[in-house]
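Structure first, then comments.
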Amino acid sequence: MSPRLRHLTSLEHLPRATIERLLDRAEAMRDACAHGTRKLDLLTGRTVLNLFFEPSTRTRTSFELAARRLGADVINFDLGLSSTSKGEAMFDTLHTLEAMHLDAIIVRHKVSGTPDELVRHAMSGVSVINAGDGNRAHPTQGLLDALTIRQHRPDFHQLVVTICGDVKHSRVARSDVHALSALGAKEIRLCAPSGLMPAQTDFPHCRLFDNFDSAIEGADAVIMLRLQKERMTATDLPDEAAYFQHYGLDKRRLALAAKGCLVMHPGPINRGIEIASDVADGAQSRILEQVGNGVFVRMAVLNEVLGR
Amino acid sequence: MSPRLRHLTSLEHLPRATIERLLDRAEAMRDACAHGTRKLDLLTGRTVLNLFFEPSTRTRTSFELAARRLGADVINFDLGLSSTSKGEAMFDTLHTLEAMHLDAIIVRHKVSGTPDELVRHAMSGVSVINAGDGNRAHPTQGLLDALTIRQHRPDFHQLVVTICGDVKHSRVARSDVHALSALGAKEIRLCAPSGLMPAQTDFPHCRLFDNFDSAIEGADAVIMLRLQKERMTATDLPDEAAYFQHYGLDKRRLALAAKGCLVMHPGPINRGIEIASDVADGAQSRILEQVGNGVFVRMAVLNEVLGR
Amino acid sequence: MSPRLRHLTSLEHLPRATIERLLDRAEAMRDACAHGTRKLDLLTGRTVLNLFFEPSTRTRTSFELAARRLGADVINFDLGLSSTSKGEAMFDTLHTLEAMHLDAIIVRHKVSGTPDELVRHAMSGVSVINAGDGNRAHPTQGLLDALTIRQHRPDFHQLVVTICGDVKHSRVARSDVHALSALGAKEIRLCAPSGLMPAQTDFPHCRLFDNFDSAIEGADAVIMLRLQKERMTATDLPDEAAYFQHYGLDKRRLALAAKGCLVMHPGPINRGIEIASDVADGAQSRILEQVGNGVFVRMAVLNEVLGR
């Protein structure tokens, strides 16, 4: 059995068995809730702290729900954007929180690598869970995306997945690729306009496309990334309508994918920019299933790092 | 028996039996707490989310206390004022929250009708409770005002109530009128300066006054509304002192009402603008009883929509 | 036995027996947690409200953790800095909160004396705990500092303590002096640059120094205060480097103190201004023990005012 995780900062280098254990545990959480269990007492008396240096109501709420469903207490440590954002001051904050005997810190920070720095500087037994750092990793998103796909397409040896949008700056794309590669996906395709295309060396096992029609052809799942509007200028596309025309997911394009192709997006969606409303709300959309799985995956991760 | 409510967005069209059931349940909650019960386990394992697009610490805290006293978990979903405030984006937020398996959403929004829009767009079994929408409704305030009056003047067939202030923009006035009418109040009088006077057609069963001395004469209860200071200009009164002189409640004016007339205000009060300090703090003031009843009414409403 | 406290607004005038009871109770809380107890059910069903008019994530979080470890519910009442900050409006807020049947209010306010004003205006059985008011008092900080010292230097008759920095504006210094004096400390020395030196009459039993080398000589514990950078101009020292040279704690200066002198700071520290990093992180530093003791002291205080 792969060893229990103390922290979760990235999916990179995680063994397949660990990822599968987390997904299996998330399924077990889902089953328990489906059968009417509203509270599991697995983490009663434990305290989890949300340390968000970037605002994210959705992800913070998902973690908060996950922790409470396991019986843990949750503290939201609200930091002004100006304060305690880096360097020594951040580590002093970490040590202060450790001294208060918190069990886990869920951290989001715009600087890549911050969660690993917290792990390196931690002095006590606190667990660090990455809720998104810079462009680098968003491991619970990678897990929930893999879980959503596995629920519909369990045979990963046959699986072709297309990830489209601002791949270059996307921690979601990186964590998705790590999860899907570890689970043995047949082919992962990345599609982006030139200014948002990452280096091939960053994604050695992926196929890179700049033409979305080609990238989606025959795909079993397509994961649309959120476009940060301030990055429009990097796309060489004059406006949002042009972006949508070239890199948006609409019905015509979805028809090029494999039959029943799963439509996914980490949210919140920009309707008419990355994705047409009728596709986002259509029969093939798994966007809300992703949200539901997010809570179960976070329950699994919290139980992994804090459970007995 | 009137059917159990799934949502509470307005008191309009609610049958008298439903309103009476909610008030009776609130009284039962009050009795339990008076006898030392600190936690009722009626909603253990349920999760309630506060979705406030307008700030309101008092009402949010009252709902949070009510939910916790019933054993529910409470999540505060803090939205920046700029984000997710309307249209598709708001419904996407709703669906995201539903996908996380929340049991109830308590919503406050400056746009009238938002809670009903959420009900129409809800896809799962989530309950929506209106904590105030625009000028339209504040149903738990209407219930707590009715409960406070009923505790002192149970015979509504004899009841004369005067509501004074910015009636035109007041969701409190609307919900009060709905509750008191349904419970059979003898007479409801509305009093406002001309610029803040609603159309008679909006309040067909009420008597409209622009002279507060006439409006308060013989009243059993007087509900003073909070003046938004930015609406002073609509009153044709040159300043706050003049407003108070014409539409403020002081001792002289209170003496025109029926003996023991109940003095009420939804809070927070503007002393010396709507109400004189000695009246707000005087023996006839029920303002703090209203606050206490607010928690019990919200417990009753949460139990109505979420209880088994 | 000294009578049970209903409120804790200051340590001034508290009998030694009461302070010792609180420290003993804090030790008992620490022992219970060290033996694996994660939740004490001493305050189940009680509700504690954080009413912070000044931001302080650390102290708020410490109180929140303390309350939850005792089984209480915690409400964070977030006030905009502009609203409800003084006078009648603040008492109206107090009465509103009392009417909601809260059990304790933890208050921080920039105006000295605010917690006592709340006690005077309270109408019900609510307990008020001061989390810091102006320059006046921060009683739980005084207790946690005394506890930290007692754990290492239990014989207060031999104890020499030096408090250095912006003594004039420091509520921490005032509460430390009250606690240490009550417990019989042999000598308390205050050290500050001239512009930050309090009047001798404010600290009649302390020795005042403007030379830190003299003040620290032979001290058993040194408590460094946080410098508010906007007060630099009052120091007659041209810049932070000069402040550190005259009033910062570095290794050379620490060597003048008694062997094993305890290094303390209420946090958050300004490295290189009040204290050198190698001293803050060194073997004699008790700064993180102070943080840990802070939670236990606050558990003891909450149990004192709310327990049965």
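So that you can tell them apart, the chains are marked A, B and C in the order they are listed, and the count of residues begins at 1 in each.
Note that in this section a contact is a pair of C-beta atoms (placed from the backbone, for glycine too) under 8 Å apart; a residue touches a chain by one contact, two chains touch by 3 or more.
If you want to know which protein each chain is, UniProt gives these names: A, B, C = Aspartate carbamoyltransferase.
Since the model is a prediction, treat every value here as computed from it, not as a measurement.
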Chain copies touching (chain B, chain C) - same or different residues, decided at half shared: different
Cα superposition of chain A on its sequence copy chain C - rotation in ° rounded to nearest 5: 120
Computed distance of Cα centres, chain C from chain B, in Å: 41
Residues of chain C whose C-beta touches two or more other chains: none
Residues of chain C touching chain A in the complex: 33, 38-39, 55, 57-58, 61-62, 64-65, 68, 267-269, 271, 277, 288-289, 291-292, 294-295
Contact set on chain C toward chain B in their complex: 44-47, 49, 73, 75, 77-80, 84, 88-89, 92-93, 95-102
